[in-house]
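Read from first to last, the chains carry the letters A, B, C and D; within each, the first residue is number 1.
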Amino acid sequence: MRKRLWGWLADAALLLYFVFALFPVAWMLILSLKPADQLFSTYFSFTPTLDAYRTVLGDDEGIPFVRFFVNSLVVSLGAVALSLVVGLPAAYASARWRFKGSEHLMFTLLSFRFAPELTVIIPLFVLYQKLGLFDTYAGMVWVLQLVTLPLVVWIMRSYFADLTPELEQAALLDGYTRRQAFFKVALPLVRPGIAAVSLLAFIFAWNNFVFPLILTSHEAQTVTVGALSFLGGDRPKYHLTAAAALISVVPPLLLALTIQRYLVRGLSFGAVKS
Amino acid sequence: MDRHVHDRRRFLALTGALAAAPLLSACGTGFGGDDRDEGGGSAADDVTGAFDWKREKGATVKALLNKHPYTDALIADLKSFTEKTGIEVTYDVFPEDNYFDKLTVDLAGGRASYDVFMLGAYMVWQYGPPGWLEDLGPWMRNSSATAAEWDREDFFPNLLRADQWSLKAGAPLGRGGQYALPWGWETNVVAYNTEVFRRLGLKPAESFEELRELAGVIKRKAPGAGFDGMYGIAVRGSRSWATIHPGFMTMYARNGLRDFTVEGGKLTPAMNSPEAVAFTEDWADMVRRGGPPSWTSYTWYQCSGDLGARKAGMLFDADTAAYFQAVKGASPASGKIAFHPGPKGPDGSLATNMWIWSLGMNARSKRKSAAWLFLQWATGKEHLRRAALDGDHIDPVRRSIGRDGAYRDKMRHLPGFIETFETVVDQTKIQFTPQAQFFDATTSWAAALQEVYGGKSAKSVLDGLADDLSSKVG
Amino acid sequence: MSIALRGVVKSYGRTTALDGLDLDVRDGEFFCLLGPSGAGKTTTLKAVAGLERPEAGTIEIDGRDMRDVEPYDRGVAMCFESYALYPHRSVYDNLVSPLRSPRHRLPPAEARDRVDTVAGLLGIGDLLDRMPGRLSNGQRQRVALGRVLVRPARAFLLDEPLSHLDAKLRQQMRAELKAIGDVRRTTTLYVTHDSVEALALGDRIGVIRDGRIVQTGTREDIWYRPYDTEVARAFGRPRINLLPGTVTEAGRFRSADGAFELPLPVRAAPGTEVLAGVRPRDVSLTGDGHRLPGTVYVTEVLGRSVEVTVRIGAQALSLVADRAEVAGLRPDDPVRPAVRPENLLLFEADRPHGPGRRIGRR
Amino acid sequence: MRARPALRPYLLILPALLLTCGILYPFGLGLYYTLFDFSAAKPRPDLVRLHNYETVLTQDAFWHSAWVTVLYAVGAAGVETVLGVAVALLLHRSSLAGRVLEKILILPLMIAPVIAAIMWKLMLQPSVGVINHLLEPFGLGGVQWTDTPAGALLSSIAVDVWVYTPFVAILALAGLRSLPLSPFEAAQVDGAGPWYTFRRLTLPMLWPYVMVAVIFRFMDSLKVFDIIYALTEGGPGDSTVVLQIRAYLEAIRFQRYSFGISYTIVLWAVVYLAAMVLVRHLGRIQRKAAEVSA
């Protein structure tokens, strides 16, 4: 009897947290369904409309949100892909060999993750203008490495460390080269890790705000900056921002739901075994 | 100075190999405007011959614009500019929250990403001294570059003067270069909810004391009279430079108070004079007794939004802030908003501070001639009239539009709008002392205001502020 | 193919795995490397395979220095203790993996034949479509072995291939392993911690301890002439009896408590502290030899034979006898087990820093 | 890949190294700028060496901001840890509700923090905000969330907690799922109570997972910017001016580039050191946890 009471209490507590966690999202949904003139005059009873979504996806406000959406996809996927291409070998090397400077390099990489964006934003702006990277996909993909590369290297390193080296050694003795051993044996076995880290890196790249704000203007601007663009003018159009934010949740959410199982594993591996 | 130069050279030699090209930009060509030919005269002098709108046919002008109804009106009318001149206009629009960050970094980066951009008159003080803004004076004066129909005399003179400065801290506006052109503007007055005034039998305040009283009365009585959650007066309160310049600075100036005193080119903070301290205390007291809850988060949007949502009885802010709530169908309060010049100072002063959305030209632009044609058109009678009538480009910078019958017809349904505008327009000017640290000074000022509102002694807070500023501005 | 290691040193951080190891494996022989865990057995194998790079010393295969020769160029096949089966590939794909590699590539049909042959040989022909995760330990072990056997190799390196199997299966596999023709013909370096396995399989045995080879020799060498008490203890179950005592003036062994004396087959300096070793199977209740007076302490049935522990003074001596011989014995019954002097091994007493070495040659 | 084996790890790491240098370069440039008195007012800067740092470190404003930053980081990371672990424990009981809720746990993490802060600001708005509207029936209608120094700091932390608690919870949940079963079975056989099991088994073994979350969150919240920027802009007064807000105001709003960047460099140094200490600590507790589960 007492046990069941505790069970109910626990469920109630959990429910309470989820109310806290989900209410703002629900509220955004409500906002996004409100007509403009009922934004502040109503709470829960209003005349629902999909106008906000039509406005955001159309170009009525002079804000090409669909283009920003595509930009975000290109830039985030590009950043994740580059991080994987560059980060996987590095993670592999640092997991498999102890060599001079590896720990320093790893830690420096990690510290990027925690570096204040403002340190680099002005130098980067100058640099990008000079190199012609300002407002380009390439420029965004490069700067987003600050966000995605440390994540990829640190989490994947743990995955590789977790994988017994004997599998690759067996491949070497089977007559494969190191490169083949890496691609045919090690890589397929850390696929869950790759899935998880890709999702995480994708989310963080997708949600980044400061870099696209300063380093893009029109061609490569992303959804975060785009969603905020609805807040100008005579009145802030919160319903449009809410709709834009909800639309921009779709890609990471789809990604997350498809590989949720991997995600939990991915986080844990990267976390503890480093 | 010599020592510095020496040091710098040695340091450069040491680290030169490390940082190569962008490093040069740090000390030389990149930041700031020192590679301009400053003595060599204006690019405007290169324009000769008869004026021709089609002179730059085929060129493209790039504009950076703030998300604003004026901007919407401009964008809607761009086609006619292209038809008239054969110049294409591309533009980026950013929300106001990030607009100036974007513009500042862009200008500081020393690139000509944008040929023309929107800016406030205050930004001239920040962007002018580093040489980022083109002096438009030579362009205006060159009859080969400027059409006669542009009619400089048609601008309200105080607006044109507000964008002129000699780039010297403390020097009054209206002298020196023309660093931007007034395009749209706002005067700061009181707007109020006629419904609650009628229900409670209230009249607009004529003095600051009455205003404070009135705000308190509304907050006490309105909720009981069917105005759920209504408070007295909405004024800005967030920790931002933008908190100072509308209502606060207007009332401050009407009380005969100054931000700085200038003596022999030296600026001394004056926001801690005994009169200023007393006024600041009164202002904070008004907010406490009749202002919005969570005042310290209040920006333009919260203030105007509350007036529209019938949460605020009065708004002491830009007339446009109320206008956008007052027009038909914009908000629950539309049709029930009236305008009033606001309380007078002790000596009857209606000195009013203003905000001017101006258009400026990038000193580094490579298409200045085309950019000038664009500025000329955007501030010209033809576009501004269309923008005022078809769009929401109100508070005209040109007298001809203020007198225009169609415009007056359009505004007439807003009680008191035109009367208020005409009452204050001649006394409206920039009440601040021009100086490059304007944003630092007003941001700190807003923070100080918040502290006074939070209960700290106004004297000690403002003394601290003055102390801090005197070293920075001095 | 012969394998030779000379002064090989390998350490991981602060722990030294190989400490100047010397080893010679002759062409075609089945060489067992025996030692406790952590002795450096696996490291030795991996060094030979080229998977670990020694810090010092040389490794030669057929007289050729293998420094900087990549693993896939060394022509050796290795079976890992962990089996190292590719968990994401089927048994067939695991087996055929070497034959698809650039080095050993065979046309698919030939590879298929070869895999079928090996699978048949190991009795795993019906497992080919399974994933390794769904196999028993014994099956995995066979697959691992199969992956080694499927390709041409100049040497097999087998790392405890039977250790994870239960006793019965291990015995069976041991027999099978030796019977496989390829294994019989090819140089094989076999690592184990099980002395029975080593004795059963090895043409020669190397005993490794703390990263060095303690003793190398045939099984007879190891059995009859162990290098020290630890090697002696490592071989034979029940374990060898090591009785503490001293050498008397007369060159005989006297037990530490003075309860008995034994004649010694070797000469040793009088007064030396020694351990006298005799294997339980070399002690009998009924046969000839020097008889020692004692009482039965405990008896333990080992199947057809029985281990009897006899108390002689303060010493315990275990012996193995037929069940019939001990049928009537009860604890505390007096017995007189016989030890033949020629079966006695004499060791220096164990010291804190190491086991006592065998005294004398025979 | 046919290189000398000793060089192999370096070859593999080379692309990352190059990219790291590409990222390091602007950092170096930023660092270089701080040695000058570079601002809009002074486009031809002079070398001032460490003068900017001297000014930063002797400013009351800096120490105030540092203090606020630490309060924020400790508060946010602390609450997120406790709440995240609690949520993970509750979800781990694997009721049906838990399994459904787990799927949507990650949702707040997917909304850009800056947008989350704006939405919260809207909800916390006292006059038209929905939160006070909902609290009104309970007689709590007039809460002025961000209007007092303490309230503003707490509100910002609350938004941080909303966004990032799922991050901690997911990590902790993953940790719980990967704990070995045998110690728990043993404890059950020994008749240990749930509290004892939690304190002596679950917590020590879970701690490394949680610690990683704490490190990430603590480091991240030391450099918080967007949430505060969107919610309070640092007000009221100076009560929520964290270091990055100050740096932003100096470098971008007031255009004292060198000085503003100096702020961020100091912040980075602090974060770097804190990370070093915490990562080392993490190594220690990982070893300890290994002992518990062994």
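Observations, loosely collected:
Basically, contacts are C-beta pairs under 8 Å (C-beta built on N, C-alpha and C of every residue); 3 or more make two chains touch, one makes a residue touch a chain.
Please read all numbers here as calculations on a predicted model, not as lab measurements.
Each step here moves to a touching chain, and the least such steps from chain B to chain C number 2. Counting C-beta pairs in contact across A-C and across B-D shows that the higher total falls to B-D. Chain C and chain D have CA centres that are 56 Å apart. Mean C-alpha position of chain A lies 38 Å from that of chain B. Annotation for chain D: residues touching 2 or more other chains are 29, 33, 128, 252, 257. Residue positions 40, 122-123, 126-127, 177-178, 228, 231 of chain A are each in touch with at least two other chains. Within chain B, the positions touching two or more other chains are listed as 22, 26, 31, 97, 101, 105, 108, 305, 309. For chain A in complex with chain D, the residues that touch the partner chain are 7, 10-11, 13-15, 17-18, 20-22, 24-25, 27-28, 31, 40, 43, 82, 85-87, 89-90, 92-94, 96-97, 99, 102, 105, 107-120, 122-124, 126-127, 142, 145-146, 149, 153, 177-179, 203, 206-210, 224, 227-228, 231, 238, 241-242, 245, 248-249, 252-253, 256-257, 260, 263-265, 267-268, 270-274. Across the complex, chain A is touched by residues 13, 46, 49-51, 70-72, 76-78, 80, 82, 84, 86-88, 97-98, 101-104, 147, 151 of chain C. Chain D contributes residues 1, 8-10, 12-13, 15-17, 19-20, 22-27, 29-30, 33, 83, 86-87, 90-91, 93, 95, 97-98, 101, 103-116, 118-120, 122-123, 128, 130, 133, 162, 165-166, 170-171, 173-175, 177-178, 208-209, 212-213, 219-220, 222-223, 225-226, 243-244, 247-248, 251-252, 257, 260-261, 263-265, 267-268, 271-272, 275-276, 279, 282, 286 to its touches with chain A in the complex. Touching chain B in their complex are the following residues of chain D: 28-29, 32-33, 35-36, 38, 40-47, 49, 121, 124-128, 142, 144-149, 152, 230-238, 249, 252-255, 257.
Of all the residues in chain B, the ones that touch chain A in their complex are 21-22, 25-26, 30-31, 64, 66-69, 71-72, 75, 90, 92-99, 101-102, 105-106, 108-111, 113, 301, 304-305, 308-310, 320, 324-325, 329-332, 392.
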